[in-house]
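To start, the structure under review is shown below, and the notes come after it.
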Amino acid sequence: MKIDLKKSLYSAFACALIIGASASPSKAAEVMAPSSLANSGQLTYAVAATFAPFEYMENGKLTGFDIDMITEISKRMGLDPNPMNMEFKGLIPSLQGKRADIINSGMYIKPERAAVVDFIPYMRVGNQLVVAAGNPKNVQGQDDLCGLKIAVTLGGFQEGLAKEQGAKCVAAGKKETEVLTYPSAQDAALVLQQGRADAIFNSTPGAVKQVTALPDVYAIGGKSFGPYFLVGIALRKGDTEMKKAVEAGLKSIQADGTFDALLKKYNFPKEAKNLN
Amino acid sequence: MDALTLTIDYIFSETFFHGAQMTLLLTIVSVFFGIMVGLIIAIMQEMDNKYLNYVVVVYLWFFRGTPVLFQIIFVYNVLPSFGINLSSFASGVVALALNEGAYIAEIMRAGLQSVGKGQRMAATALAMKEWQIMRYVIVPQALRVIIPPIGNQFIGMLKLSALVSVVAVEELLLVANQAASSNFRYLEALMAAGVYYLFFTTVFMYIQSHIEFWAKGGRRRALRDKELKVDIALERTEVR
Amino acid sequence: MTKDNLLSEKKIIEAFDVRKSFGNLEVLKGVSMEVTEGQTMVIVGPSGSGKSTLIRCFNLLETINAGEILFEGRPISGTDKDAWKTRLEIGMVFQNFELFGHLTVLENIILAPTVVKGIGKSEATEKAMELLKKVQIPEKASSFPDQLSGGQQQRVAIARSLAMEPKLMLYDEPTSALDPEMIKEVLDVIQQLSQEGMTSVVVTHEMGFARKVADRIVFMDHGQIVENSTSEKFFDGEVSDRAKMFLEQILSH
């Protein structure tokens, strides 16, 4: 009797293991998930949802390019995405404190930051020209601005850029650009909407947000131009395992067109994915 | 959408409501535990023990000398490397309560000292023991001095609680800022948050005035004061 | 004034060469005296002479550095644990009344009997009302101390001490903080208790009261007893020069 009891206990235990193993959701993981995660089964990412179009709150829901991107990457790793929505200041501390595996918050790669964290760049953003919807003056680049009116913020780098362009136009024998200065970006945007200017400058994300909010009013004119910033996912310095896994996930969604589809969904210019 | 409609929309939206709930919860729980901590510190100070006093000095020095924001980030992000892993909410509450305790301890100390030494002497002369003196004579009178500042601490904590957004607690101000950043309607979002904050402050002030009334002797005293006024008016008693 | 039929030879308080210092300052420099049952002793002297300190040693509000104090023949120790037992039998009335401000007059009087002696609330209340009648202010039972005059507060303080049924009453300058018109009502109460046989030690500047009520007068100066005699002898001038000087200063007012 004793031996039978042992056998049945062993087989019961083995059965339990098998049932347990097959009961856990087995996602088809294309990419190896890292072995140590802040919360098992999840890719925990710190995010500050105040940067449209990358991450923002819409009707109480966390939305944005980064949110969709990381959800896709998590799927490739067989993990659930776990966003930690916090104030911007708390992002790096929570990464370093290992409460988050990565920071996914549209973070611009800057040298001071790169000294503290490692980055996986995934997008390049610069500046855009924003024109009236339908691009009536067919502005495809800064050279097309000659003879047009451009509204800029007073004293900012935009004003310098516009005046530089004006000088170029004159040097090439074309009509000068007319530079209209206003105190704020809101004013410049309004003037464009009213048709009193032909174009304004905006950062790539800002332009995207503008065009998404009012597609009947604004459109992007031409490709991005510098100065550029790379946007990256931030990781703990030296966390090579996590970096490999996330990079692999990113490559995977770039390879099969998912990344491109997201760019299109959020109105990003196609050249944003070119990191060079 | 005009400003008033949007503000009202925000006030009744689910995200704002939950944010307000979270802020209220943070406030009440943090001050509650802060009172516990402050009580312990105040008692430790009363006991006049050299080692306990040292602990108290270090505690007060650290928690009043560093920014609350730092303390919150520390509890959430640094303590795990010592094996203490608290959730966002718990980290926020622990940091806020410990910080609050430092100030409440001082309030209690002032309250206890406000009770004249003669009161203790009189009670001692009546053969009362130490704990009886504290319970029946000192503490009831100290409460009168302690309650108003503690009421103020509640109201202060209402705003201080906004700091825990730095460790991913979705309190009211974070909700308002994030709602506003997506459509630039800052005025409406912050007004909606402001309405909630003012509402809570009003409720706290109302409760505080009732507790103060009770601590002063409540209805008994009010009745007696009224009778006394009548007596003085009718010259049935001398004016002091 | 004597109350021969009430005086006995039983010694309530005895002090032998009592010394007390506060830090480096010696306040009592070898004080010896005794109070017998039913006696009323009045202690007088200039400020700083140690009068208040001495009577506080009797109920252990102060501890002595040398010498001995006996209460009813038992040495009273300074250990806090048993001090309260001695205090059960000694009542004390303070210059600043020290009524508990958060309690009504009645609650002030019944607090110690109910909490310390475990007497039931209704019994304590009955006794308290009797005492309030005795000190002539029963109608103030549900008033708060700050609604009373100084004289009324001090009478409540006396009633509060009496509620514990002490064998000895100590009064530490009971009328020094009162306006003149209220001094009489308090002294009248103390006199009445004295005539009823309550053993009393009163520290005071009220010489008229001392002359009328005291059985013995003690004159203290600079931490020592300079004079300790019957009331008649003291006021008839059979005293030391130092005491004479003091009397002249006091009585010239």
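Every chain is named by a letter (A, B and C) in the order it is written, and numbering of its residues begins at 1.
Convention: a contact is a pair of C-beta atoms (placed from the backbone, for glycine too) under 8 Å apart; a residue touches a chain by one contact, two chains touch by 3 or more.
Quantities reported herein were computed from a predicted structural model and do not represent experimental measurements.
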Chain connectivity with chain B absent, coordinates unchanged: A | C
item: Chain at maximum distance from chain B, centres defined as averaged CA atoms; value: C
item: Interchain centroid distance [CA atoms averaged], chain A/chain C, Å; value: 86
item: Cα-centroid distance, chain A relative to chain B, in whole angstrom; value: 42
item: Rounded Å distance between chain B and chain C, as computed from the means of their C-alpha atoms; value: 45
item: Interface hub residues of chain C, defined as touching at least two other chains; value: none
item: Touching residues (chain side chain B, partner chain C) in the complex; value: 116, 118-119, 121-130, 132, 136-137, 140-141, 144, 217, 220-221, 224-225, 228, 238, 240
item: Parts of chain A lying in touch with chain B, wherever the complex brings them together; value: 46, 49-52, 56-58, 60, 84-87, 89-90, 93-94, 96-99, 213
item: Interfacial residue positions of chain C with respect to chain B in the complex; value: 59, 61, 80, 84-85, 87-88, 90-92, 94, 96, 98-102, 104, 111-112, 115-116, 142-144, 147-150, 157, 160-161, 164
item: Footprint of chain A on chain B - complex, ascending; value: 13-15, 69, 73, 76-78, 80-81, 88, 165-170, 174-175, 177-179, 181-183
